[in-house]
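Next, two complexes with chain A in common: one pairs it with chain B, the other with chain C.
Now for the complex of A and B:
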């Protein structure tokens, strides 16, 4: 009696959604006219050819290449004497239409609908390829190495990958996601290397997506991730074609989404997110050092401030005496406890970081200066925080930027706050419990059903060649075991699979 | 929810299994006074101890010397807390200065008390002092603000460097030797007065009580025989020579049948300074000096060993030599009886490093 009675809810949403876009009318000029009614950019042109036939062109002006309309369709049709007019415009591939649904879909994808006056309809693709040119990646910049990056044009992105992997085994499967956006999604993999089970999982996950809008790759990843409540990304998101090509060659899959310059790469491991394209450009010892530095930095960025709180609140006895002198001196006149002091500083830091992302680049310099003064000087002089904490916050903030994957680098903020609370309540044991929980959580994650914590658990010794240490590339003769490639050898061994 | 439940189960089971307390003690650094040393002297009344310390340990405030007469060491801390606005904590206790008189009565129970405090680090330096430590602290604390810290750095330096200048013993080493068979602990002894805090030598303990100690000269031999087998600088005034970087290799042999303990010591060092009459450019003179050095070393070593016999202590752990795989180990009492009456044979060899001139 205390429970709110659930009313029987009819699934209106889906039905509405489907009904909204289902047209059962016959294909006719009147019906197509109805489609473009109240659309300012919807155009209907009637054109007479051979003094006896009227053809009708219907299209969305903003979706087609208007400059090509005249030379590709109107001019060839002027002198067309053929009965089958699509042969006159052979320069562009025209397809016959049979239903209003199909006509509507193609029109909205940048096709010109053509009625030949005899009740036959054709769709002529004149897609407007308006978009930005290939530019340098801003999300993952490297000093030495390829500079190109993906754009919003999916075909252009596929071209960039095909140029790097010019083999017929590179397969592309097309899907459509979102009944409003109808975003083109392309699943790419190298046949004969990528495990068919993994490809099949990806295929099924993409097919099952039932939502109105898939605007960018993260929308897609949200539906494809095995664990949606985890803070850790289970897909690598990159705008670098070289990264994608390398991943494809290792047996992974790449998913491209139209109108977004980022691709999804899977299956990945937690440790994969610490790898940078530059790792393979540097000499192996330098690359290994840098990689280890990233792991240490990530650990430092998550635990440095909680450690400060644990030490200054509970474990003064393990602080070296010299540092204790500095801490006591620094903290003697502060109004806040170490926990509130650290929380205050971390929140300020996050606010500044978030603001600097949203602000235009010209004002971000001002923001940096204000942030620096507020954090570095004013907070100390006002007696809000200690100098030691300022130094630690600075180190933790810089350390968090060493992680090449932006999504992973953002997870440390949440982990840091959780550790902060635990360290304030329980001291070191709190941080240890927190770490055990994070490790157990990571161990339970998966990316496209493949273990996320590999090669540690399960243990794949083969993959340790490209783990903490980036072994010399000639030594890495096998593909990573965690992706279960069909062909494990990276060099040509004839038939040996 | 399931993950949260699992986490809470994991947390509670770990706490229970490891014996961790679910309550973390609040030690906010600005609210506590982690003292760096305690000095323990005999109190006015019989059985009483006079415990002293300096607070605040590190802050830039006027230092205060706290002293109280107590029966139990813990009483001292409680007494300090009652008259000071910060809680005295022993987690950063780095030095324990013990009066010679207290040391002669035994310090094991005192050290046990400190060791039971889980906050106290085993790297706590033990020092025996002779003289008025209170006067020294009171006099110097006005001139040197961080006096206690500098004293700690001194011990840390000599322990870390293993330079053989002074003996440094921490509480862990001391107790390990107390409870090990055929092993007696030793502690540095300092003479202290109003103005000076001066190293005097090494104090030897038997059954947890201070039995006696070396003088400055004998201490050099002790450093070479046992402690670090190294002396950065060895001054030999009778021979007008100063040796540098002296290292020793000691081979000990106990012969139960002959009732003899023999030492074969190989010294190696270089001449740092020579003010004698010999012409060291001549090979013959060098040989003469080496012979004299060997004689001096033998004499000094024998003198030290005789002293150890008199004190009935074995800080060199020679008794361990009596153990054999298939024989019953000698009891510690039997060993000390053997040791105090054993004949000593010392054979020294000195190897002079070539002069760099």
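Now for the complex of A and C:
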């Protein structure tokens, strides 16, 4: 009963929300002036051509390039004859307007609205391209390789991708998301390589988004993910154009969102999140070793502390005698059980990690020192935790940083806590219960309806070339099978579609 | 909540799944104490002989699998056997599936109880295993079968742990004699029957055929799986013979598990605790598949196979299984004896299904084919 009432209320609010943006469709000076009422940066300029005729320019000063306004519109209009207005501003691609809605939309995107005095309206694009310059990626740094990264300017981001893939098959489809933000969303794919079914799924998912604000790419991903309750990211979020271009070339899709320097890449698999751009820069054996190290580190970061709890709580007999002596000596004076000891340390570690992320960079170094040495050492000396646990917590924390994908590396915290509880209850079988649950969950996930745990389940042997190991690039002659590309060969070998 | 679809099909699973499923289905519970019942070295020849018989049976099974009736799933079986007969068979199948499933659950729970948590009550372990299996099965048959590959990858390498047992310091080649029986005081038939029953499992592929790529060379993949299984049986039995010797082998409980206890490692001792924990992947996968088969069999016998699968229905079946396993554990399961009454029931029922289902089905296909051609 209460649910019904609540849903009715929400519907009512939505109706009001829609009404808020419904205005008269008549395109007149008064109506357009109404659009900029109570806007300090809304400007209206009138230019008299003759006694009977005024040209009116209406625009939002903060959204347009004011210098170009002078050069492209005001100056040409000064020397313009009565019937040549459209020709005078032709250099800036003026488009005719037919409705107030259109006028409002374009004005808010940085267009200057121009009334020629005869009731005809034009929109002249003079978008202010204010934004930061292209800088080095901070989220995914590499030593050797391209240094540029995306910015908040979506057109600039498209340029960065087009420069890398200068083919007409690289398609861009424009969408708008959020009825308040009207964020420009661009879906990119390589026609002839990307599977049309996958492109279509993405297209439908973007079109269905019905929300007021899409501020950044994660808002969009939240609506597009197949499994919203999963902790695992189903889209790769990257600010590296080289990564995106590579993914496009493999048959994936890339989604860019205006005002955010991150792109969404899909479909991805769980194992993609362990891949770094540097894998393709190193020699294949080095890259393979590093990749395996990341998998092992992820496993260690999630299971090392639960293993300690399982061993010290339930399975002392598994520990060899020499190590057992060290462990017993270390734990002999502790007032807590291994579970509480580990839980306490892991919580402290998470607090320090979270704090160091929120602090300015100079302070975070001090915080790291205080957290790592002072709290760690003090906790041991105070007799709250064992030295062995401190060592293990340190190893687990460092191991978690090896995962290149930040979103994935954060999932291990939750998994670690779940495993910790299971290990304290059921020891090794408890950890295995947890592992089976996580693997079954991963097996059930999908990214744009493509299996998330490929190439293991389902099995795609071909994709194992770029999985645990990174085979020599000349050997990787085919695109990944799990993406179902239309053209599977990466080499030019005729028409094998 | 979205739709609850358990038996949909979006892709066909390939050869890897067939090999993994057939091999893992032959490496379930009995293998953990099989050497105790084989006991004498000449049983090696028995394993080989049963392996060859199993190969012949798989040949028959592959014929069934490539039949046009079986490939159509329920509809094909209904055309072949008639709806009424199929409902009766499905009803009988419920018992066979439940026996197999309950033995795996109880057997594994007992091993955990015996080797890892002697203080833990068996029902807790049973509850956890069924909960986990229910979660996996609730994702549907396709994803459950896919999980089989994960289970295979997490467990197939365990056989490598037994390599050191081929080179124990005190072992000699004499331990493998006599290879040909000289006296028949030791009755090997129960062990031989157990090998056959233990090799059962691939017949469940008949129920999974809609999800498998039927254009593949089934016989080849089933033969590979069978050969790997026989090799593993031989390796485990040989290892047990070398390590325990035939005199002691008949007296030790779960020799395959017990043997690992003595594995020397600089990092871990009592490696069997880790091994038993990992074996859960394997058992939970099979229980999930059997849960789905059981649910399907119940739907067919109730005549509701054309209706959509429901969350309530599936969870009700899982609850029934839980209650059933608790019941058997309370009244029929005798701990500390590997081949207790309930295990004996599975010994015969497994041998029966493996022997008769492929043959009877092939016969039915031939008769139907002859009838339709007339």
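Here, the second predicted complex is superposed on the first by the 479 of 497 C-alpha atoms of A that agree within 3 Å, B and C clash if a C-alpha of one lies under 4 Å from a C-alpha of the other, contacts with A are read in each partner's own complex, and residues count from 1 in each chain.
The definition used in the following text is that a residue touches a chain if its C-beta (ideal position, glycine included) is under 8 Å from a C-beta of that chain, and two chains touch if they have at least 3 such contacts.
What you see is a predicted model; the values in this text were computed from it and never measured.
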item: Clash-or-fit label for the pair chain B, chain C on chain A; value: clash
item: Contacts of A:486 with chain B and chain C, given as first, second, both or neither; value: neither
item: Partner chain(s) touched by A:312 [first = chain B, second = chain C, both, neither]; value: first
item: Touching partner for A:458 - first (chain B), second (chain C), both, neither; value: second
item: Touched partner set for A:328, first chain B, second chain C, both or neither; value: first
item: Touching partner for A:436 - first (chain B), second (chain C), both, neither; value: both
item: Selected from 20-28, 128-136 or 272-280: the stretch of chain C that, after superposition, runs into chain B; value: 128-136
item: Common interface residues of chain A - those touching chain B in one complex and chain C in the other; value: 314-315, 317, 319, 426-427, 429, 433, 436-437, 440
item: Residues on chain A engaged by chain C in the complex (per definition of touch); value: 314-315, 317-320, 426-429, 431-433, 436-437, 439-440, 443-444, 451, 453, 456-459, 461
item: Contacting residues of chain A [partner chain B, same complex]; value: 312-317, 319, 321, 324-325, 327-329, 331-332, 334, 337-338, 425-427, 429-430, 433, 436-437, 440-441
item: Chain B - residues contacting chain A, complex; value: 3, 6-7, 10-11, 14-15, 20, 22, 24-30, 32, 34, 36, 58-60, 89, 91-92, 94, 119-121, 146, 149, 152
item: Touching residues (chain side chain C, partner chain A) in the complex; value: 11, 13-14, 16-17, 112, 116-117, 125, 128, 132, 135-136, 139, 143, 146-147, 149-150, 153, 265-271, 273-274, 276-278, 280-281, 284
